[in-house]
Amino acid sequence: MPGFNFDNYQRNNFLASKGYPIPKATSTGTTIVGCRFDGGVVIAADTRATEGDIVADKNCEKLHRISPTIWCAGAGTAADCEFVTQLMSSTLELHALSTGRKPRVVTCLTLLKQHLFKYQGHVGAYLIVAGVDPTGPRLFSIHAHGSTDVGYYLSLGSGSMAAMAVLETKWKQSLTKDEAMSLCAEAIEAGIWNDLGSGSNVDMCVMEVDKPAVLYRNYRTPNERSIKEKSYKFARGTTAVLKEKIRPVVDAVQFDIFEETIIRDSDKMEIDS
Amino acid sequence: MSDPSSINGGSVVAMVGKDCVAIGCDMRLGMQALTVSNDFPKIFQFNNAFLGLTGLATDVITLSEVFRYKVNLYNLREERKIEPETFANLVSSSLYEKRFGPYFVGPVVAGINSKSGHPYICGFDLIGCINFAKDFVVGGTSSEQLFGMCESLWEPDLEPDDLFETISQALLNAQDRDAMSGWGAIVYIITKDKVVKRLLKTRQD
Amino acid sequence: MYSEPYIDPASAHAAAAPIEHRFNPYSDNGGTILAIAGSDFAVLAGDTRHTTGYSINSRFQPKVHTLPCDPPILVSANGYSADGDTLVRRLGQRVQWYSYNHNKAISVAACARLIQTMLYGKRFFPYYVHTIVAGLDEEGRGAVYSFDPVGSYEREQCRAGGAAASLIMPFLDNQVNLKNQYDVQTGEPKTAVYLSLDDTIKLVKDAFSSATERHIHVGDHLEIKIITKEGVKVEYFPLKRD
């Protein structure tokens, strides 16, 4: 983040003082989990994004790739999760390039917590960071204020209690990959059914030592919409139209000028020589 | 009602059809309950991308100019037209730059990629989180009504003419149940090589 | 979730002002209801999810009630369910007393007026509900009455109430009253005709499945009560549970 722009800050505060408070951004009421297993780590998330009581996106992606072997699941303010993750991705790539080493999860974790702490919780990203690096499989969680946790199994978001209930009852030491995957899916499903902020599908990412990470987009889809009773297609001409204008997609006039400037016509160019 | 994005009113909707996309908006500009203008379109074209902008009118105008400037620079630098996907990322990063002093807008992007021919639509929140959708996206003061309409009326693979009826009926009936939107409507039907712009007959109250 | 309170920089350093704590007697239990009147029937439908905040309290808490009178009247009070249940229970008592006092069953129109007085009687501590009544009028036609929390009411062809009312109502305008639709042949605005019971049920099911998709407080089961001259029939359909 080269830096934020505060041009509108004063205006918006003035508006707030006049009784026009700043509207809420899409805060993803979410269920995300992570779980370690023998030889790797898995993270999972639901796919519902809400704006207040309304579902803004039924199938959004909450699993973000930071590097090919480090992935992160995000809860909290949707935009913050997306951009903080993109920032880490680029910083970590540059770091890997300059050191000539593979990026480590702890490096990512430190970078993230320092960034989030700097913004004192105003960058509202709550993340579960996981991956495999030369030191092995790693699993962490980070809160928006910059605190971090380590664990064999973690959950975050508004559905974290529902998910943790499953994790606490069913988790055991040294799980297999398949066991960890179904445990995580089950934990997310607990959030999907029992937390109103979470819903739709289960996304999952499995990171194994010495293997490329695999993203299972819509690993489970238990909420397919049933077919509607009726089709609501209208007869053509049902809507009353006052005026109609038809033209090519790109305005010809606008691009005539533009296209002229890029003409590379050898005959015309050689007049001077 | 008392937040900056619902002072002036207005709404937009975009939908995907079979090899086509549609985007529509209302025409109202208000100051709280008082209607000031019935000629305030909220859709702007930037090469292959169409941008619907709702929210605080001053920010709608400012941002449309910002994007005109940025897209012109893109054209000069890259010597090519901007595609909807690229434009969506431009909108996203421009909004997130103002994370702690946002523009009060609810943008919607629609268009067809001129290379691949794929229809593309997406929506944003006020700080630039992209909402990729396969079916429809909505924005503005009648977004709840639009969600209800679109969720009921929309079906996959509508031909351009059918898509026009569906998006128009969704928009019209939604804005009739919102005091802050209405007073005319414009709908664009975009296919790979052609844009049809229609002004709809609507209630004038 | 995870939202921090907004602190005005101007007042942040001011001396701590006294904080007033208040008891909030109301809460929102979500859910949505919908009624449509036909030529010789009326339907009143509602989902059965009961919520507070992000939690589901019950997946099956029916809220469409049949009043103890003959011919029966359907009523649902959606919003704060404690108020809704209380209103319906007291209404049931009043309706029974009406039959004892007048030796005849209450009509829908009279029942609607009774609800108005009951709601307005609590003008300054209202029942926090959106009330809808459905029945058959004295000519045997379907009748739907809808009320605001303090008793303003109107007879209508159809009405949606509750959490997802704003999602469903424009759909009803369009599909029941054919708003914004023009006849392709004549170019004249289409005029509404009575829907058949079959089409009405289909419309109700689609309205609720759509609302369930986009509203987090709607789901689990759909309960449709249909009132005809034969009496009341109840149907249940599953809705999504996420």
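Chains: A, B and C, in written order; residue numbering restarts at 1 for each.
Heads up, the rule we're going with is that a residue touches a chain if its C-beta (ideal position, glycine included) is under 8 Å from a C-beta of that chain, and two chains touch if they have at least 3 such contacts.
Listed by chain with UniProt protein names: A, B, C = Nucleophile aminohydrolase.
Since the structure is predicted, the reported quantities are computational estimates derived from the model, not experimental observations.
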{"item": "Touch-based graph of the chains, sorted into line, ring, star, complete or other", "value": "complete"}
{"item": "Most heavily contacting chain pair (counted by C-beta pairs in contact)", "value": "A-B"}
{"item": "Centre distance in Å when subunit B and subunit C are each reduced to the mean of their C-alpha atoms", "value": "32"}
{"item": "Separation of mean Cα positions, subunit C and subunit A [Å, integer]", "value": "37"}
{"item": "Inter-chain centre distance, subunit A versus subunit B - centres from mean C-alpha coordinates, in Å", "value": "23"}
{"item": "Contacts with 2+ other chains: residues of subunit B", "value": "144, 147, 152-153, 169, 172"}
{"item": "Multi-chain contact residues (two or more partners), subunit C", "value": "175, 180-181, 206, 213-214"}
{"item": "Contacts with 2+ other chains: residues of subunit A", "value": "21-22, 54, 77, 228, 232, 234-236, 238-240"}
{"item": "Residue ranges of subunit C in contact with subunit B within the complex", "value": "164, 166-171, 173-175, 179-181, 206-207, 210-211, 213-214"}
{"item": "Interface residues, subunit A side, partner subunit B - complex", "value": "4-12, 15, 19-23, 25-26, 49, 51, 54, 56-57, 59-60, 77-80, 82-83, 122-123, 228, 231-236, 238-251, 255, 258, 262"}
{"item": "Residues of subunit C that touch subunit A when the two form their complex", "value": "1-4, 6, 8-10, 51, 53-56, 163, 175, 180-182, 184, 187, 199, 202-203, 205-206, 209, 213-217, 240-242"}
{"item": "Subunit A to subunit C touching residues, read off their complex", "value": "13, 16-17, 21-22, 24, 27, 29, 48, 50, 53-55, 58, 75-77, 121, 124, 126, 144, 157-158, 192-200, 222-223, 225-226, 228-230, 232, 234-240"}
{"item": "Of all residues in subunit B, those that touch subunit C in their complex", "value": "144-145, 147-149, 151-153, 169, 172-174, 176-177, 202"}
